[in-house]
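Letters A, B, C, D, E and F mark the chains in the order given here, with residues in each chain numbered from 1 onward.
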Amino acid sequence: MYYFDKRLQYAVRVDSPDPIYARMLQQAIGGVEGEIRVCMQYFFQAWGNRAPNTKYRDMLLHTATEELGHIEMLATAVAMNLENAPTKVQEAGAADAIVGAVMGGENPRHIAEGMLHKHLLSSGMAAFPGNSDGVPFDMNHIYASGNIAADMYCNVAAEATGRTLAVRLSNATNDPGMKDMWSFLIARDTMHQQQWLAVIEELGGVEGALPIPNSFPQSEENQKFNYSFFATNRDGAPPPEGRWTAGPSLDGKGNFNVFQNEPMGQEPVLGPARPDSGAESQQIG
Amino acid sequence: MYYFDKRLQYAVRVDSPDPIYARMLQQAIGGVEGEIRVCMQYFFQAWGNRAPNTKYRDMLLHTATEELGHIEMLATAVAMNLENAPTKVQEAGAADAIVGAVMGGENPRHIAEGMLHKHLLSSGMAAFPGNSDGVPFDMNHIYASGNIAADMYCNVAAEATGRTLAVRLSNATNDPGMKDMWSFLIARDTMHQQQWLAVIEELGGVEGALPIPNSFPQSEENQKFNYSFFATNRDGAPPPEGRWTAGPSLDGKGNFNVFQNEPMGQEPVLGPARPDSGAESQQIG
Amino acid sequence: MYYFDKRLQYAVRVDSPDPIYARMLQQAIGGVEGEIRVCMQYFFQAWGNRAPNTKYRDMLLHTATEELGHIEMLATAVAMNLENAPTKVQEAGAADAIVGAVMGGENPRHIAEGMLHKHLLSSGMAAFPGNSDGVPFDMNHIYASGNIAADMYCNVAAEATGRTLAVRLSNATNDPGMKDMWSFLIARDTMHQQQWLAVIEELGGVEGALPIPNSFPQSEENQKFNYSFFATNRDGAPPPEGRWTAGPSLDGKGNFNVFQNEPMGQEPVLGPARPDSGAESQQIG
Amino acid sequence: MYYFDKRLQYAVRVDSPDPIYARMLQQAIGGVEGEIRVCMQYFFQAWGNRAPNTKYRDMLLHTATEELGHIEMLATAVAMNLENAPTKVQEAGAADAIVGAVMGGENPRHIAEGMLHKHLLSSGMAAFPGNSDGVPFDMNHIYASGNIAADMYCNVAAEATGRTLAVRLSNATNDPGMKDMWSFLIARDTMHQQQWLAVIEELGGVEGALPIPNSFPQSEENQKFNYSFFATNRDGAPPPEGRWTAGPSLDGKGNFNVFQNEPMGQEPVLGPARPDSGAESQQIG
Amino acid sequence: MYYFDKRLQYAVRVDSPDPIYARMLQQAIGGVEGEIRVCMQYFFQAWGNRAPNTKYRDMLLHTATEELGHIEMLATAVAMNLENAPTKVQEAGAADAIVGAVMGGENPRHIAEGMLHKHLLSSGMAAFPGNSDGVPFDMNHIYASGNIAADMYCNVAAEATGRTLAVRLSNATNDPGMKDMWSFLIARDTMHQQQWLAVIEELGGVEGALPIPNSFPQSEENQKFNYSFFATNRDGAPPPEGRWTAGPSLDGKGNFNVFQNEPMGQEPVLGPARPDSGAESQQIG
Amino acid sequence: MYYFDKRLQYAVRVDSPDPIYARMLQQAIGGVEGEIRVCMQYFFQAWGNRAPNTKYRDMLLHTATEELGHIEMLATAVAMNLENAPTKVQEAGAADAIVGAVMGGENPRHIAEGMLHKHLLSSGMAAFPGNSDGVPFDMNHIYASGNIAADMYCNVAAEATGRTLAVRLSNATNDPGMKDMWSFLIARDTMHQQQWLAVIEELGGVEGALPIPNSFPQSEENQKFNYSFFATNRDGAPPPEGRWTAGPSLDGKGNFNVFQNEPMGQEPVLGPARPDSGAESQQIG
């Protein structure tokens, strides 16, 4: 079960409120690279954790709980960036006349309002659980597969795209308060990338954990094609050389090679449609 | 641009058609662990690839194109498993009377029909681009971040959950034809896991690629917290020891330690609602 | 604006309530081939109709309003098929013991309950606006493009898949009441297919309406490829002959021919990633 | 920020694991009536709370944090109900032969496996953040409007549908452990319904809080129609009498009456399509 | 069944067409607070209504039918606001040169076009069934639970958020025609809030209707916790006093009190993964 | 199976990169009128094709494979239009000061960045599989019904809305490179419209293929209403005359007529709620 402290994990300060930046911050809340995703992903992985690996349930709960506080920080940052945003046309003031003239009737404040509409119209100038396009977060992005190595790579992927987003959002602002918040959150993403890879290392590293799932006997997979790079370009020219075209595989269990892809299967011909299947009569054999 | 051969990449054979298994196969077509996802993910990563890394555009196109053939194989397998599925109540025949008596009126063939409804009602006994629950694939699951290391980990995650699914589907059938198809597809997933990790190795491995993105100067992230495991349990007891609680970090750029999480930020108090914001009058300061 | 009569457009009668059939009927309510779709599609086309074609606004309103009554009929049919469905485990009665024994512990009534869960758990044994998989209807399926010929073909497509579904649902039941309802609804779909094609005929038929939109000067499209069938098989063998490979086009404005597809464009090479773009440093030129 | 205790808020015990019931429980996790919804709704309302109503931020955080523990309880209950579920066809054993004979080839264990597929194929026999149809939770269901009275009614609606679902799930099982869990969760829903209505009472009850938002001057709404029941039946017969057809309104600010709805507006005729708008030429005036 | 009159329920007039405002109006059509939602919600509640409460079927049909006319009014308003919107770059005219110079190459008309893209590109300058972000309406937002009191609170919630949105949209425009339309629609929302609460009053008010569902015997819920406010802050300090922390409950069936939340359950430990479950071998006990 | 050539099907050239136009182009990639839709629709129709109509599998594969190359062209066009888009606030330069002054603090470059956020924040200045609002493509839009005539009309509908979109996008730009790309793609849509209608012609035209499905005996549909236009306006005035109100039907199997719609069914009264159904006690008979 869970507890809260009404203070934030780390200070959130906005020196110059910027409603457009509020909108951009939503990506870090409800985008696929955002905090709702990692928070819920780690919780569901923890809740489905099985003996004898209970140590990882514990670890996941620590970090999932931390991430809940990150959503809170970002939601606070969104609201702070919206503090002085316009809610009425009348507030636009005299500047409009000039701009209106320049733009032949188009009102840029309207444009801004339009971009803010979700905040203005639906959430009362607060954060919402959607991305910067207003697309709501879809819980299908929570990966919890029941295979711990697969889950750890999903977590690395989440933190890698997450830190990339954080860097982009930090680059997109000059606000010192926001910069400071990002210096903290980017540091946390650094650690989280490390942390999930450390579990893979505990599981024996790439050699011990791969191919995922390692509980399926490799003898039952097709031995001819499990370390082959399939070339599918039309002209059959060899693909550029890379670590994956020759030499021992990373898991030490095979040797990379290149296979020029050709059809090994049949032209599929399905039986005719059945009389009562709602097909056209021409399809019914 | 692209070409086709009307034969399949690998033979698809179904010895005993099983409509319920057809439904389960849909997860490998339109599930988040499925083939539409990897196919489209690799294409979009290829199409967004930038100089000077054009070698990876080439590599991604080879594999994306291969995956398109995997969707085709699975769609064929679905249709073959549906070849003899019932389309009319009348086909249920005499067995129903017995079963109906046993079950007190519930008709198990109806149950099966209900489960098949998407195939029966919407797709004419063919595959559709959704998962085994009938939930359509949502293209938001295509990860193409513009950061090549992040993308490679997303690809490893996709192939790890994908091979896990493939193993489960192979375990769930005794059909020799289906087993043979899976021995091929599982082998391909083995290679694909290797392949994306091999790119990370080419980029310098964990030390060269992490923290992702490695183009952000780590000096600008908060140095105090970038290799700390944050403990968030209520009683403050130390978390279980792991590779991530002490010792050098995997990227060789820091040392792991444990930090007992405490609020470092303020209790956030947002300004009152504005007069025309559609709030209750009690909220307007 | 709108009015109602609390009687149904056509009688809905269920002789033998069947909860599984209730679930199947949902496809005709909230499936992409269902009645919510056509109802809302015709309304939005009507509401966006422009002078001087106001006659079609009128026509669309007549039929949209009719379709609203079809949703009502089907929702009533769903509820009637659920009249005697079990809501408590205890109702399953003695038959369970036998079946349980046969099935080694699996309870088929549970299976049925599981399939009904949306009706049992969420809607109180009534219809809901989703399909037979429980996937809610997504209004993105409403096509109203502002081009009347495009919209009419969208409507034909909707009524063609709709009548196909109706035939499948009629085939899937032996209930005389349900059969009678379908004889009515299938007849209406026959008319609606005709009706939208009749608008195309009023617009001059295929010759007058195509290519859609016909307001774009065909002289501005690439004259070399606008009536060519592009063959994309790898070996370059000619495709099977069809009405579309030779002879005058259907719109009378060109002649069909076959073009063996070859790259006419460049290998695309995008510029390197920018320094602050969140890419890996290896991607930054 | 947040903390956890690795013990559950209340004991979760499953005496007879039932995989179908596991699937039904998902509705209480990821259904629109479920716990993810209330948890996230209360958090987002708290995080957007504004001075001078900070007392409600505090109250919302208490209950949102409690609800997070409810998701955890239910996720645990799902996993426990799946403990002995079959993962391989071979486990079905001898009973199948008999049942298969009875059912003419249909294998009921397959049916169960099909229903479980999301747990079997995707989550490794653990809970996932979707409903009992496998439809992922969509964060658009989080209501946080910025108007505190509107939010409280949204919360009452959530707890009312939530307790209705809880009662249905309790009725659907005979397992004593599950019954005990529900006796706790149903009690909590009772309190939560009270709690949000108590806020309305603090705001002055229906008279003080309505019409929502009460900050809009009612003098600016059309005085002729703000307490009128609009009758829209075709024949114009008076609607049945109810509390809403006559007498003082609940907010004490008007008197109910009945208005026979008639068009007060024009037949809308929109201007013709513009020349370059992609319409058919017949639509361009 | 249903009828239409081609005139609008209330006059829709736009004095100064504003394409950005058209986009904002979409929130009132296809947003979760919008008219499609209430229309369809009331229809589905009506269609699932059961004896002996047929009076409420009648009432719901009256209002659902009214709401259909509101969608029509708003769709008309959207199209009218788009009457003079640009469809071609060339129309932008000479002003662009000036603005372009000011903005260093950024073209504000392009920005506006970008924002309008859904109207420009997909709907031919007419309304579509999505919100102001272009997110299509998802029918999962239709609440029809089968419990009449729960449904009425869902309806109050819908009209409360709906009127809040209407007020915000009215505040966001100075157009006299639009203001007049809102004065009508805001008045209707006032009535609809009253109307659904009046049903609760007919059902005996909070005391008669709560806890919802009132058909579940409260003796079967945990008596210790059904009127307790659970405090979940970490330090255990008492929460702020409110109507919900002490005194008789609103339904007159209990007394509010405060309970300091502590784990009453176990640390959950799930059994190990099964051999064929696709887990890592390290997870298999 | 499939092959690629790394060159594009047709040259893609952007003379003046325009980030807003990049965003608009997304509609042609991931909009419902876009290329992902037709590509996947034709593939799934091909993969579900049944004997003896294998000629159409071949035809569909040719065109599906062509469409994959169109996604690639458009994805390339998006990336090229984003080549010089700003990624940092600092790049905005001196012009901002002027504009900021004019606009009273609102920064138009911020507005542009906000609009670009998906490209800037999530995809690293490359295309993504969503529409111009950032809404991801939903595979439910793939129509493959198993009825070949229904599918062909779905394809005509897709190409009609697709060419309409293409014309609008061509009209929205003055860039010669983009104009040239559109002249090619618009030509292809012309052919594709023809091609699917040519299949209908091969099936016997409207007379041979309609009503769809033509395998259902028309004698089993209600003969009274299958060629009647139902008038649903309240006052019963005859609808405007059209091709569909009188004369022989297009399929030559009936005669159009007008039927004034009146209720032919009952007022539906459903049985009371069951005791354990979670309804209010007032609903339980």
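Just so we're on the same page, a residue touches a chain if its C-beta (ideal position, glycine included) is under 8 Å from a C-beta of that chain, and two chains touch if they have at least 3 such contacts.
Note that the structure is predicted; figures quoted are calculated from it, not measured.
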item	value
Chains in simultaneous contact with chain C and chain F	A, B, D, E
Identity of the chain that, by mean CA position, is farthest from chain E	B
Chain whose average C-alpha position is farthest from chain C's own	A
Distance between the centres, which are taken as Cα means, of chain B and chain A, whole angstrom	12
Approximate Å spacing (C-alpha centroids) for the pair chain E, chain F	27
Touching two or more other chains - residues of chain E	1-9, 32-33, 47-48, 58, 61-62, 65-66, 76, 79, 87-88, 102, 108, 111, 115, 122, 124-126, 133-136, 138, 140, 145-147, 149, 164-165, 167-168, 171, 212-213, 215-216, 232-234, 261, 263, 265, 268, 270-271, 273, 276-279
Touch-based graph of the chains, sorted into line, ring, star, complete or other	complete
Sites on chain C touched by chain E in the complex	1-9, 30, 36, 40, 43-44, 47-48, 57-58, 61-62, 65-66, 68-69, 71-72, 75-76, 79, 122-130, 136-140, 142, 144-147
Chain D partner contacts - residues on chain F that touch it in the complex	164-165, 167-168, 171, 234, 276-278
Residue numbers on chain F that touch chain E, as the complex places them	18, 20-21, 23-24, 27, 31-33, 92-93, 95-96, 98-99, 102, 108-109, 111-112, 115, 131-135, 164-165, 168-169, 171-174, 232-235, 261, 263, 265, 268-273, 275, 277-285
Touching residues on chain B, where the partner in the complex is chain A	3, 5-12, 32-33, 55, 58-59, 61-63, 65-66, 73, 76, 79-80, 83, 87-88, 124-126, 135, 138, 140-141, 143, 145-147, 149-150, 153-154, 156-157, 159-161, 163-164, 167, 170, 183-184, 186-191, 193-195, 197-199, 201-202, 206, 210-213, 215-216, 218, 220-234, 239-240, 242-244, 249-251, 256, 261, 263-268, 270-271, 273-274, 276-279
In the complex with chain C, residue positions of chain B that touch it	1-6, 47-54, 87-90, 102-104, 106-108, 110-111, 113-115, 117-118, 120-122, 124, 133-136, 145-149, 203, 209, 212-216
